[in-house]
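Every chain is named by a letter (A, B and C) in the order it is written, and numbering of its residues begins at 1.
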Amino acid sequence: MQILFSISWRNIWRHPARSGVLIAAIVAGIWAGITISGLTNGIIEQRFNNLIQDDLTHLQVHHPEFLAERESPMILSQADSILSFLESDSLVASAAPRTIVDGMIQSSVTTSGVQVRGIDPGLERQTTTFHENLTSGEYLNSDLRNPLLMGERLAEKLNAEIGERVVLTFQDVNQELVTASFTLSGLFKTASGPFDESTTFARSDDLSELLAGQPVTHEIVVMLQDEAKSTEMANTINHQFEDAEAETWYELSPELRYITDFGGTMTFYVMVVIMLALAFGILNTMLMAIFERMRELGMLMAIGMSKSRIFFMIMIESVILTLSGAAAGIVLAWISITLLHKNGLDLSAVGGDSMAEFGYDSVIYPTVQSGDYIATILLVILTAVLAAVYPALKALRLNPGEVVRE
Amino acid sequence: MSGFTRIALPLLLSIICQTVAAQSAEEIIERMEEVMRGESSYSEMTMTIERPRYTREVSMKTWSLGDDYSLILVTAPSRDAGTTYLKRETEIWNYVPNIDRTIKMPPSMMSQSWMGSDFTNDDLVRESSTLNDYEHQILREEPIDRKESWVLELIPKPDAPVVWGKVLVWVEKENYLQLRVENYNQRGELASTMEFSDITRMGGRTIPTKMTMIPEDEPDHRTILEYSDLQFDVDLAESFFTQQNMRRVR
Amino acid sequence: MYLKLAWRNIWRNKRRTLITVSSVMFAVIFALALESLEKGAHDMMIENMTRFHTGQIQLQDPRYQDEPSLDNAFEYDSNLSRRVLTADSRIDYLVPRIETFMLAAGDKQTRGAMVFGIDPQAEQQLNGINEKLAEGDFIESNSGAGRYAVIGKGLAERLRLSTGDTLALLGQGRFGMTASGLFEISGLIEHPMRDLNNGVVYLSLQDAQWLTSADGRVTSLLVMPQEVRHTHAVASALREELPADTYSILTWQQLIPDLLEALEFDRASTRLYMGILYIIIGFGIFGTILTMTLERLREFGLLISVGMKRIKLALVVFIETFLISLLGIAAGFAAGIPILWYFHLHPIEFSGDAAEVMADFGIDPILPASLSPDIFLWQGLIVFCITILICLYPSLKIKTLSITESSRK
């Protein structure tokens, strides 16, 4: 065995070019496999974030009737205690209260139905990425009186410019109509035209004052540390608080769930295809290398080396090559993933730039779980060893003279 | 004064109601308001809605009591005859005979056009007469339709729920009649104009009986209101303005 | 002459050739599979989303986009439908709709609702609406004497109505006419999207036209091509056939840009994956060719030392590799087509959560492979280019090969 090992070792170094190619194939395989896993994780995560973080969040809490009826008296009576409960829970990344009322907006040109969302500018900014959709003007922490944000499309329809006054009318918590003037402080643009045309943002303090003369919360949006805990968290809230209903993002938007699930499944199959391609690439290179050695193997047989010894020699060589390649590949993959994770990979380089127009984040931050490392390494090593076994077995069945002649 | 009366009675008056600080201008506006004021009123009128592709005429009778109560009965076209609108404080109810239902207008419908006109349902209920909504002054004096008039400039106060940047009102000197209102947006561009014409004696007063509303950005859009009858201080009680009466009134 | 030489060379070492051919073949198969999968998914996503919203192409009055009111409904008769259907042979069917906002009232309650006047058969073909019926019967196109409505289950609860009860609709018809009518609720529909479930009313097209004084008119005509990928060709054919000042032809990209946003991200990540795949298959082919070259250096050296011109040798070797690439690509197509065909006929099935959500929407939880011809064209071409680039390596190596170095091997 000792001898076999040293023969194998010497064999490897006698053909530096061939060994180099084989090691390179393994290194590349491991590196590509791990990087792709990381990218895939990053892509799925970013895709989800783009759809969730802007507006919907992981879960929302409302008065049980609110989403169906959207009446301003349907407030979250325990909003404060829900918020402080969420604040102290370690599963929660951040939470923000919203005051929501459907009403109408009036400008000098026309009148239009709108949803007014009163937000806490600080908390909302921590919780959602909506502020990134702002295209001009100022966010709600402006000095203007009753600042209001609206979609570019709505502003166009109303012929309103930043700094101008618009009039909002809605029902207060006593079902009385309230009318108040707001100052247009900024414009935003999202991917959704109907959203841009029908949604406005105000400070929740301003809106509450008009609705009830005291803070009013209709909705609490919550981002968790880990999306997978959404259902658990929703259940906890539903148990703990009366007259409040927490729903996860996929209950709130089954359509979005369809998009994300579909995308996730797709990405999985794409990875399967790429991994298969990777395995076949290694397989072919290994096959080629070993078949080219047939002559040499025949020679060894001719000088009296036993078939089993030759088989083991080939296997030992393959294992040495594969392991050293794998080690190098892992190091390389770890370095590139760490770098990519820190700096992000901008998809706009491959034509994702039109996404930016929608305020869509095209930068991916790859992350790799240990499972991804293990799966990739197993796949590559298995492929490499398989690729070695087949021709080695084949070599054994040939008679030496024939092989040498070939 | 409520917005409902503004349509049912005089859109004519909408601007007038804004009260004024400076002595002379205040006087003018108060006198102008007096002309159309009455504790209760009854009128018959026709609303003509002009659109690029069609013109529609709606005839109606209206009753009003104070600022809070009014009732409108549509008499023509025949398809809509018998339809009534009831305003009680900030609520609007709508009775439709061919489905025999009385429906309370939900907030989601408030921004919709009222009967296809340039007015919204909300215009029917809006309380726009905040005393402090405008700063104002007499801008100049000039004749309009060969009648000597004051031109008043009204500038909304910063907090006022008013969409205009400024409003110009022409008030005729002899009878304190409002003849023309121009609404400007906050960039000083004309947004809409209301013209008051066909001054006649009606209900014992001399008043303009035709109002034309011309939005600036929709070139071929017009809404015209014309009174054929108008009576002030008629005998009406609050009990007239009920859902039961919406079905009965003729 | 070179060709013949190269051809004979190829078959001199069959095993080597087969391995190289197979590396190209697998490259082609994987490139085809990935692209077909992506395209299939892309089309499927568009198809499913458009089915629930807007259809893939819509015919509208040009004014409707800015002012979606019944005033901008257009006349739709058998003449127009024939004209549209014959404009392009790839049009599958048409779905006429009237869409407007109205008040829906029960005995006491009133709520705003989207009212759709539909052709039940066409709508069924579009999105299988019948299957979402939770209770009662669906409306029929010619309901005869009675007027029937199918409403969202959530709306029915909010209005405290159930099947057999009377629903009152009130709103504004075309040109400011009052629209009001009573309808018997024939069925309730359970829609996965909350807003629709809580506020949708379906009437037959005829009843909706009567209700809104829009006789013979629709607000939009959905045009469904046989395949998603025909959308643009069909839209251009329609634009040519119909006067632009009377009809505007909108595609789903214009109708639901939100979807485009989600897809755009997928497309960018697909491009990234394709790029990675090309690198990987390129590496696979390169590994094979490189090993082959290394093993053949001795042979090359020998040939040069017996007086064969390097340029000639390089040419022969290049032709060899060129032929091998062609063979590989042909083999890739030969093996790829049945594979894709199989996955087209037996699509990958979704499982778990994804399948559940899709079932709620009435979508088949499957992912069929696309058989669009341009996949073959493009992927074949790309792999061929990659292979040719790689095949330059042995020829270049021959030019710089030192005889002593090679004979030592």
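A few notes on this one:
One rule holds in what follows: a contact is a pair of C-beta atoms (placed from the backbone, for glycine too) under 8 Å apart; a residue touches a chain by one contact, two chains touch by 3 or more.
Note that the coordinates shown come from a computational prediction; the quantities given were computed from them, not determined experimentally.
Steps from subunit B to subunit C, taking the shortest chain of touch contacts, total 1.
Annotation: A-C is the more contact-rich of the chain pairs A-C and A-B, by number of C-beta pairs in contact.
Mean C-alpha position of subunit A lies 57 Å from that of subunit B.
In this assembly, the C-alpha centroid of subunit A lies 23 Å from the C-alpha centroid of subunit C.
The multi-chain contact residues of subunit B, meaning those touching 2 or more other chains, are 108, 112.
Taken residue by residue, subunit C touches two or more other chains at no position, since every residue touches fewer. Residue positions of subunit A in touch with at least two other chains are not found. On the side of subunit B, the complex with subunit A involves touching residues 90, 107-108, 110-112, 120, 122, 125-127, 156, 158-165, 183-187, 191-192, 215, 217.
Per the touch definition, subunit A reaches subunit B in the complex via residues 102-109, 111-113, 145, 159, 161, 164-167, 169-171, 176-177, 179-181.
Every residue of subunit C that touches subunit B in the complex is listed here, in rising order: 71, 101, 103, 105, 110-112, 168-170, 172, 175-178, 180-182.
Looking at the complex, you find that subunit A touches subunit C at residues 17-18, 21, 24-25, 28, 32, 35-36, 39, 43, 46-47, 50-51, 67-69, 191-193, 250, 252, 254-255, 257-259, 261-267, 269-270, 273-274, 276-278, 280-282, 284-285, 287-289, 291-292, 345, 347-348, 350-352, 354-355, 358, 360, 362, 364.
Note for the complex: subunit B touches subunit C at residues 49, 51, 53-54, 56, 79-80, 83, 94, 96, 98-99, 101, 103-106, 108-109, 112-113, 115-117.
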